[in-house]
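The following pair of complexes shares a single chain, chain A, combined with chain B in the former and chain C in the latter.
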Partner chain A sequence: MSTPTEVSEPSTPDGRAARPAGAPVIKARRVRRLSKSDKVILGFMIGLPTLIQLLFVWIPTLLSVFLSFTRWNGLALSDIRAAGFANFSYVFNDSPAFWPAVQHNILWLVFLAVIATPLGLLLAVLLDQQIKGSKIYQSVFFVPVMLSLALVGIIWQLFYQKDNGLLNFLLGTAGTPEAVDWFGDPSVNIWAALVAATWRHAGYVMILYLAGLKGVDASLKEAASLDGANARQTFFRIVFPAMAPINIVIVVITIIESLRAFDVVWVINKGTNGLELISALVITYLIGEGQSIGIGSAFAVILLVISLVPITIYLSRTFRKEKF
Partner chain B sequence: MSRNEERSSGGIILPGLDRRTLLKTIGVGAVAAAGIPLLSACTGGSGPNADPSASKSLTFGSGSSDDVPKAAYKAVTDAFTAKSGDTVTSNVVPHNDFQNKIATYLQGSPDDSFTWFAGYRMQYYAKQGLLSPIDDVWEKIGANFSEGMKKAATGPDGKMYFVPNYNYPWGFFYRKSVWAEKGYAVPTTFDELKALCATMKKDGLIPIEFADKDGWPAMGTFDYINMRLNGYQFHMDLTAHEESWDQPKVSAVFDTWRELLPYQNPGALGMTWQDAAINMGKGKSGMYLLGSFVTQQYTDATLLADIDFFPFPEIAMEGQDAVEAPIDGLLLSKKGGNNQAARDFVEFIGTPAGQDAYAKVDPSNIATAKGADTSSLSPMMKKCAETIANAKSISQFFDRDALPAMANNVMIPALQGFIKDGKIDVKNLESQAKALYAAQ
Partner chain C sequence: MSTSTRTRTGKSQQAVGHGLSRPHYGTHIFLIVMSIMWLIPLGWALFTALRPKADTDKYGYFSLGGAFNFDNFVTAWTQGGFPQYFMNSLIITVPTIILVLWMSSMMAFAVSRVSWKFNISMLILFTAGNLLPPQVLATPLFEMFKLTQLPYWFSDSGSLLNTYISVIIANTAFQIGFCTFVLSNYMKALSADLTEAALVDGAGLWRQYASIIMPLCKPAVAALATLELIFIYNDYFWPLLFIQSGDRLPVTTAINNLQGTFLSNYNLLAAGAMITVIPTLIIYLVLQKQFVAGLTLGSSKG
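Then we have the complex of A and B:
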């Protein structure tokens, strides 16, 4: 590497730094650009996030993976016993809820991607025009995203209840035997839940796209209309491609939302009877008195592995871009 | 016991060791300094295990968070303070939270005494050494309780742990006026029940009101058919998983149930028990198999007076001897066992005076101690109380007698599936049970 003569030039009276060896001295010279308080602050700013990351992400993740190969009653640590692949065999072979849950998660993804996300985009485009009271509409559509779980439950209960619910009342079937059992009928309730999920998801997507639309240079649209493009062509050929970064974010959010879909289903019936989802199974087996930590962890690990696929694709794409 | 004590103390020390090794591996001084409070916050700090001895005060953890039971326990603690001079500090926690966090609660710094249930749900924590045995208390209050109560209060090691406060029976509830109008008679055998259901259906009623959106109410039907068909002991052995699920006796329960299924409310899976109770209150359905807490839904006094009760009819075994009557009461935590005031408190709830103090405020349940004042009970509740008193065996309800994971994670979806299409896979129930009970 570098020759000792060059490096020894800026050496100080400090005993440690005066060592004649090559590499340590270079290090000393680099670090000296930072004062002592800088170092403390830097250490703090790098160390604290790392620690938090370790504490809340990596350690729990690794522990989950570890626990998925054990049997544990959740009481004393000495009760943890090795179980091999028994928990995974339970999940794949014995649990009647697992495969329906996988199907429902996929259905959730398709529904959000085909219906909810485009709906959010449509809302954003409409509200981006100079409509009177656009801000009010924006708030109205965004409110569902901010509501708490309990409120969401009550609101949809009012809509879907079999005998006294609004929906059956509007259909004229309330109180009759023909009333649709929106929550209880396992062939209907997943769609009822998906509509409720769309209600939340569309507002979220709308806000993101509104921000994206504001960021599109107006002169692009102007140029397009000068070239004789109609509104639809302008949108699909110019504006939509110009929002590429937002589009990627939306794709990722849609996938993540479909994987962690949970709240609506949980408030309806805790993810049973036609509403099975992997995330609900994780909670069922991990939280509460009925906990069975090994099996719950196995569900969580499976969900983690599934989630890693889109995350890896997304990260590899973004990192590839940064190289350009 | 000593092994258990070691274990629980190990649980407290180990996180501390983790913390130290963690800190050692992190070299950056500043980070470590910032991390110490954070990490210690995570492990919950050191448990206050000192200062028991002969104090004149105790803490009481209560999961009875609804207004009426909360006020009722307040009346009990006030009466106890007036009698003994010991002060009671109550910590009331919303009941779902209380139940879900019971394991962490008992391992952390629990209150001296707390509300809980009899059955497996109590025995499990007794086995883990998280509760204090109270044989000395039972020597004083034992005479106040029936043999069935005593059995329900005993831990797996034969020691006494639990002091019953009140219980409530499960059975059929119906409106007297509706039945009188149509001339229905109370069925005592399963065939009579089926015949009655058929008549009711013809009369345009839903014969048996039913709701299972929440999953647990259907367990009541399962338990009763199981006990009437295979006997009380089989119910206990099945819930303890000493009997296999994959056997003709269990299939027979579902076969029998299948005969009732067409008469139960077909909308059950979308309804809560409150919805169903309202239906019966409106006279849309003939009867409802539920716990006596169903009456809480009827605030109108005339309607309430119109409700009556009959026990589940006989099917094949033991007549109507077994009754499902979950018992709620008090336990002492490991730490509370050292506090004489806490022992006095649970003793107090085991006396007629203590139970009267409770029942005066919350009359929707039945006091368990002999000699408790029953004059304030409604005629229907008196009938319920008699049914329990005459029962040869008392079960606690499936989710109290069985492993919670089995009840919540396996039975709820399985029973909902059964209600949906009358199909049940007992082989799969057995393989799930095997895996879950093995994990405990």
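Then we have the complex of A and C:
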């Protein structure tokens, strides 16, 4: 940062390759030192966004780690007491909600990965063909993506209600003792919530894959087709591998979405009674009775550590071609 | 499959052996069934919203009897306090989008058009920040805002809690990373000759940013603005965390309270939900292309 320079020559490999072969060999990067006023400008352009990013994203994240090793009621800063690993020990051994939450987060991930994401891919593949009304179908599947997850929760609440919801009418159980309270019954509500989440996730995946499929070189598909490959072979052996960059993005999005899952369960019952999630536990301990900031932060740190896995995969894939 | 032939001429279509005219009956049946299933939850909410409570009580929710009108929408609008909530959404959304695009475009310019020691590391830091679950930083951010002392004429809580600013700050900080990533990819793809000429003219960095690069980024900025509009409007979490006064909540967070306000009046609740959908549907119809472009911009550079 101390000696910023300006790139006045394309630094991308493509840019260099584009130079005529006969061109005189010059240094790939002709750089000049920035003037004093440019340095000030650059400092402002980098400094202001970085300050915001550090102050409101990274410092709070580090503070979460710090607070997870303390005992604090959230009142005065002077009340903070060191607690060692007591919070983590409580979370792993004594917290009644932690292991159910872990199971639900895993279930959330598996359900999105096995049902919602492949469904989105299937829709994208079907709609990528030149079929009549492709745009109309796309619009239909895309509508839930525009809705907030909180609203998704409410809309499905109306659908799932015990006595007046459409689902129980369709099953013929509405008003009878067999009627299921889909969002209330702890043995089924996680599945009901997952269906609602799928409704939104599949459309999102579809849009990303539609863009990815358009980017696959059509001649690849033709060549495979000419060689006698059927549609399925062409897709699994040629098209799907060719979409590797998008596949990584989708994998990362699916994992991160399942860790971030919060809004739907919070709208339903604040993440209790069958809908425990790690993210919801953080907030329960923050705003709940008898604030236990340390325990809430321990949940946050567990969430952070798990999230770092997909984040690292994504970043190393994305930035591995860049020069450091 | 017709996909494999669509860019070919008629001649090669014959060579491949499939025509464009293949009807895809099976595909259509599948897609129609899926579309109906996809529309049912929203359709049911709309159907419920259009019927007076008295009629659904009399005939049952699963019936066609009785009147259909917009009375519930009118009642929900006034009783639910929607004008205030929409105003709050606007107060939070507009400054956030402007701040996010301003900050992220400067940062993106600095990392993609100027070479300095830590530019890639900084870009990674920004990108990673956006990928964290917000709950990871929620507790310290809440405490930081609570401990910020502010004069009472400025904030009636004496701190940043219960202010629009808290939500604007959190959303801005969280969204900058994503927009910086997308914009830096976009700016990197612009030819270096553009700023070269400006350099020869002796134009400073700010002029390169404001007069040369930013005008060329209009498509990306428009796509991101649309995407952020939806993201911020749909944000449920930050207002839930920071705002305690019900009358300061934006629409998306406030609808949750309607479940209490419209206690067991599902017709009104459905109408409230539909009112909340309307702005998104308008944006969808008007700016669909921008929105989709924004979504895919972020993933195309894998």
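Note that in this section the second predicted complex is superposed on the first by the 272 of 324 C-alpha atoms of A that agree within 3 Å, B and C clash if a C-alpha of one lies under 4 Å from a C-alpha of the other, contacts with A are read in each partner's own complex, and residues count from 1 in each chain.
Methods note: a residue touches a chain if its C-beta (ideal position, glycine included) is under 8 Å from a C-beta of that chain, and two chains touch if they have at least 3 such contacts.
Note that this is a predicted model, so its numbers are computed, not measured.
With both structures placed on the common chain, the touch criterion links A:Pro49 to chain C but leaves chain B unconnected.
Legend: residue contacts after superposition of the two complexes on their common chain; A:Gly74 is shown touching both chain B and chain C. In the superposition on chain A, A:Pro96 makes contact with chain B only, while chain C stays out of contact range. By the touch criterion stated above, A:Phe183 is placed in contact with chain B alone, chain C being left untouched. In the superposition on chain A, contact is made by A:Trp156 with chain C only, not with chain B. Shared-chain residue A:Val114: touches no atom of chain B or chain C.
Which of chain B and chain C touches more residues of chain A is settled by the count: it is C. By the touch criterion defined above, A:Ala211 reaches chain C but does not reach chain B.
Using the contact criterion defined above for the overlaid structures, shared-chain residue A:Leu123 touches chain C, although it does not reach chain B. Within chain A, the residues touching chain B in one complex and chain C in the other are 44, 48, 50, 55, 74, 77, 161, 287, 293. Interface of chain B with chain A (complex): residues 7-8, 10-11, 14, 26, 28-31, 34-35, 38-39, 42, 99-100, 102-103, 107, 121, 128, 130, 213-215, 267-271, 275, 279, 404-409, 412-414, 416-417, 420, 425, 428, 431-432, 435-436, 438-440. Of all residues in chain C, only 1-8, 12, 15-16, 20, 24, 27-28, 30-31, 34-35, 38-42, 44-45, 48, 56, 61-62, 103-104, 106-107, 109-110, 113-118, 120-129, 131-144, 146-147, 169-170, 172-174, 176-177, 180, 188, 191-192, 195-196, 199, 204-206, 209, 230, 233-237, 240-241, 252-253, 255-256, 259, 266, 269-270, 273, 276-277, 280-281, 283-284, 288, 291-292, 295-296, 299-302 touch chain A in the complex they form. Touching chain B in their complex are the following residues of chain A: 40, 43-44, 47-48, 50-51, 55, 71-79, 83, 86-87, 90, 93-97, 161-163, 179, 181-186, 189, 269-270, 272-273, 276, 284-285, 287-295.
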